[in-house]
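Handing you a structure now.
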Amino acid sequence: MGQVAWKGLFLSLFDYKTEKYVIAKSKKVGILYRVVQLSILAYLVGWVFIVKKGYQDTDTSLQSSVITKLKGVAFTNTSELRERLWDVADYVIPPQGENVFFVMTNLIVTPNQRQATCPESDRIPDALCYKDRDCVAGEAVVAGNGVKTGRCLKDRDSIRGTCEILAWCPVEKRSKPKKPLLASAENFTVYIKNSVRFPKFKFSKMNVLATTNESYLKSCRYSKEHPYCPIFLLGNIVQWAGSDFQEMASEGGVIGIQIEWNCDLDKAPSECNPHYSFSRLDNKFAEKPISSGYNFRFAKYYRDAEGVDYRTLIKAYGIRFDVMVNGKAGKFNIIPTIINIGSGLALMGAGAFFCDLVLLYLIKKSNFYRGKKYEEVKSSSGKSLSSPTLNGNQSPDQLGGL
Amino acid sequence: MGQVAWKGLFLSLFDYKTEKYVIAKSKKVGILYRVVQLSILAYLVGWVFIVKKGYQDTDTSLQSSVITKLKGVAFTNTSELRERLWDVADYVIPPQGENVFFVMTNLIVTPNQRQATCPESDRIPDALCYKDRDCVAGEAVVAGNGVKTGRCLKDRDSIRGTCEILAWCPVEKRSKPKKPLLASAENFTVYIKNSVRFPKFKFSKMNVLATTNESYLKSCRYSKEHPYCPIFLLGNIVQWAGSDFQEMASEGGVIGIQIEWNCDLDKAPSECNPHYSFSRLDNKFAEKPISSGYNFRFAKYYRDAEGVDYRTLIKAYGIRFDVMVNGKAGKFNIIPTIINIGSGLALMGAGAFFCDLVLLYLIKKSNFYRGKKYEEVKSSSGKSLSSPTLNGNQSPDQLGGL
Amino acid sequence: MGQVAWKGLFLSLFDYKTEKYVIAKSKKVGILYRVVQLSILAYLVGWVFIVKKGYQDTDTSLQSSVITKLKGVAFTNTSELRERLWDVADYVIPPQGENVFFVMTNLIVTPNQRQATCPESDRIPDALCYKDRDCVAGEAVVAGNGVKTGRCLKDRDSIRGTCEILAWCPVEKRSKPKKPLLASAENFTVYIKNSVRFPKFKFSKMNVLATTNESYLKSCRYSKEHPYCPIFLLGNIVQWAGSDFQEMASEGGVIGIQIEWNCDLDKAPSECNPHYSFSRLDNKFAEKPISSGYNFRFAKYYRDAEGVDYRTLIKAYGIRFDVMVNGKAGKFNIIPTIINIGSGLALMGAGAFFCDLVLLYLIKKSNFYRGKKYEEVKSSSGKSLSSPTLNGNQSPDQLGGL
């Protein structure tokens, strides 16, 4: 090729090639196509852009820090513990004020346990015995409190007894107060301090409003009227989660406190506010004792003057609160905008494909349009070139046109 | 249809149908189209493939385990606590070495608290009183330490007093050392052992290098020069987070330690290394006492010879460290590669659509090209078949061409 | 324009414009195109719809609550601790039954530590000394237990000694039982209660089956035969994670228990079941003492009759279990269905583009087809209008056709 040819080649690079269209004067398909186009447009504008904010770059990798602080005291007067006041250091476990905290509301105390031998609780099936041979020495009681010593202890006159065990003695007696001991925990408050950070946009925010005065923050309580007050009444939280406080206080349970940050950073930072929601996380509908409620055992260890350890075993029932933070932030960005417009337009192609199917195979004059749309060319000779085939034997296209 | 027709139908299935294009010799639109094509190609190659690694399958569901271990001792000599040495078991709460740990740096100790009656702190507004009637018996002091007994205790000669309460007595006196007690916590070190696993690719890695010798791991300190040393000086962490250690040690606060794993598994495993960053998570800019700092109360319980419980209440100020691990791994996979190429090509269609608009409606000879692009067909008669309409009344297409 | 023209404009809006196709009777390219089409269809149906369930809207923001409860006792008889029974309150740290719990299996006890002066451990290099001057008073021992007093303590006749320190005395002696103390922890069981909630679909489920009877839940053990029993034997968990229990019990380690919920909510809720998997999270292959195992120190504080604090320091080795829950739920939704079909069809366009390249440039008669596909139009005159160029000098299109 000469210089001219190369120049032609180069110039032809900048010829614009555009698809040739056939105008089918079929109002039915035309209207159908417009409807499809409008639907896609509505989806693109309404759903992708307005609802899903497809023009924004989003950041969901939230950095969050939660600090919780409880306030409140409860006074109890039982035969076992006598007059006693419970404050934060007594009933919050663990004390650190992290995002998961437990408020003890009911308890079974077994004081002065020492390493010794004593009869196992008679509620444990594996510890029931008739004679010493039923208690194999050295064997641990299944689901029990200790290791069998080999003796079967019986009350006077009774046939059945319980194995003697080596354990922390005496063992816990299984009866918890029916009325929760710390029923007044309903009036305790929790202050939840949550600060979040969206690293991609270098944006930080706290759930404690900067504008409110200090006395407001000390006296306010979260409610529908005060949606930005970070102090919550425990009773309210449980109620909003759809549970009864006294029942939960007695049996224990887990409450989730969700904090949702959904921030549109194209708006003012003051528009970015947390939304709280509350739900019960343990299955409250369970009727089986094994799967309802929440409790655990812990011990306080002491040492007497002789240097021997003893302990107070506490089976604590109460409400665990899990503060869960999630959120996302969005800000305008050109790349997702272009991608969403592009893929919306690509969807138009799918709409055209669907209308083509209707035009070519479903309407009356489809045979005619098929001939117009598809121009048959043969390379063997010059005949029929550039003249679309209009003959009747187009039917083979019926499948091929797909 | 006979056998011949069926054969024709079958053969026509393998006819290839290709769109017919019109070459518009318009250099303007041609160049525009090439520019659009090049932009899309640049976006596809540069952004999707090189920056975003669109040819990789990614795994973001990281399994991570963090073990932390602090080292360091501090010696204090105060009038209250006298000479005392603090070691890890004293100042780290909780002791388990999980991903969240608290280093106590300042404290208010209230020793020998017993269940008794004593005057409430005079800093609590609700406990101020002039006569016994101001103290309703059995009522809990709002934001206070106990339950009112009904008596108003006054100093000699003074008019105003505070209510007597039933509580852990004596109550805490609110004054914390201005200088943090454990100021030398700055020199404590924390060893952070983090192992991650990407289940999709069955790839595991630790932040402790396998190649380094043991003595290096015992003596190194993380810094820009030693980016893979897993031992951090607390003072450095706070400084890198942009805070002052002594101020934080006095008031408390929360520091986030982010460990980011961003692994390209098409490269060697030794290229997959953690990246550390540090940030202050509680709002340090807050001026309000209620929302700044970090502290909590806990108690150590003792029992005297008579079996009566007493406790030491500790209000602990200090720094909570949250180790947060996130990461993603990518590895070549054919499916995302094809999808990204395909959607890139689909974007080309959107480019052609845009150029069509220019060709058909914006340039001078748009009327002419519109006639060429759109071939009008009518089914009523044979006239004008296969001859594109060139007449002037194409203007109705102006809107319809969209 | 008059009324008629406007009407024409309006009507032409509903003309349907469809792309004109050229039928190339090339069986090679035709078959190629069908293969490409079938591949895309297979990918769309097989991968996108059947494997990835692309017709579903998914929710991955799981709300999860984990409650764990251990059961089991162990009896030990050592010279140091004598006969001792260990129950849940003794060996589980922390006791709350959260998703992370630690089972103590081996320990070094240092009883009766008091604030005093004593020689530092001779295993710490920084504490070795020859004369008093080697021990700078007031300086903390690097990686040691206390602050130097300035004296160098030597055994009789020996040249080298260790610095005297102010510390909790006596210091810990570094020797842990080779055989784990609580080797029988292998037989302890853990009951894991996990309830999940998918907020988008308002769907909740527990891992404890509602249909099973109570006695089954009390006696079953998780295994391949009982995949929905929520009670696990610790020994089994460690074995399934690929580790040896006795080795882990001696040195400590971290085990991850993954609970995966993968729910197809188009099916019955009873089909949505958890899948458990177990893995070792700390690096078990490490040979370096500094990076293997898991242990921490904690202390129990006591007060003697004179009001002086003393403590028992415990270095605890054991197994930390991290229960990690993740999951996703999917439910049929029309929007992702349409989007996936649309983008699948858009992919067809990419296939056609590829086949066009073959047709126009790679096969023998490509020159001829190029002429058919591209119809050259010139606006200067009426000549060559609507008649595709068939001349040989189409070569410039070679590049332009891309």
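Chains here go by letter, A, B and C, matching the order in which they are written, and residues are numbered from 1 within each.
Definition applied: a contact is a pair of C-beta atoms (placed from the backbone, for glycine too) under 8 Å apart; a residue touches a chain by one contact, two chains touch by 3 or more.
From a predicted model like this one, the values you see are computed outputs, not experimental measurements.
Copies subunit B and subunit C of the same chain sequence form an interface built mainly from non-equivalent positions, shared numbers / all numbers used being under half. The rotation that brings the Cα trace of subunit A onto that of subunit B spans 120°, given to the nearest 5. As a whole-number value, the distance joining the C-alpha centres of subunit B and subunit C reads 16 Å.
Subunit B has residues 11, 13-15, 17, 19-25, 94, 302, 305, 343, 346, 349, 369, 372, 374-375, 386, 397 in contact with two or more other chains. Of all residues in subunit C, those touching subunit A in their complex are 11, 13-25, 61, 63-65, 67, 69, 71-75, 83-85, 87-90, 94-98, 112, 184, 187, 191, 193, 195, 197, 204, 206, 208, 210, 214, 217-218, 300, 302, 305, 335, 338-339, 341-343, 345-346, 349, 365, 368-369, 372, 374-375, 386-388, 390, 393, 395-401. Residues 1, 5, 8-9, 11-15, 17, 19-27, 29-34, 43, 47, 93-94, 100, 102, 115, 138, 140-141, 143-147, 166-168, 254, 256, 258, 279, 281-283, 286, 288-291, 294, 296-299, 301-303, 305, 307, 311, 313, 320, 322, 324, 326, 343, 346-347, 349-350, 352-353, 355-356, 359, 369, 372-379, 385-386 of subunit A are the ones that touch subunit C when the two sit in their complex.
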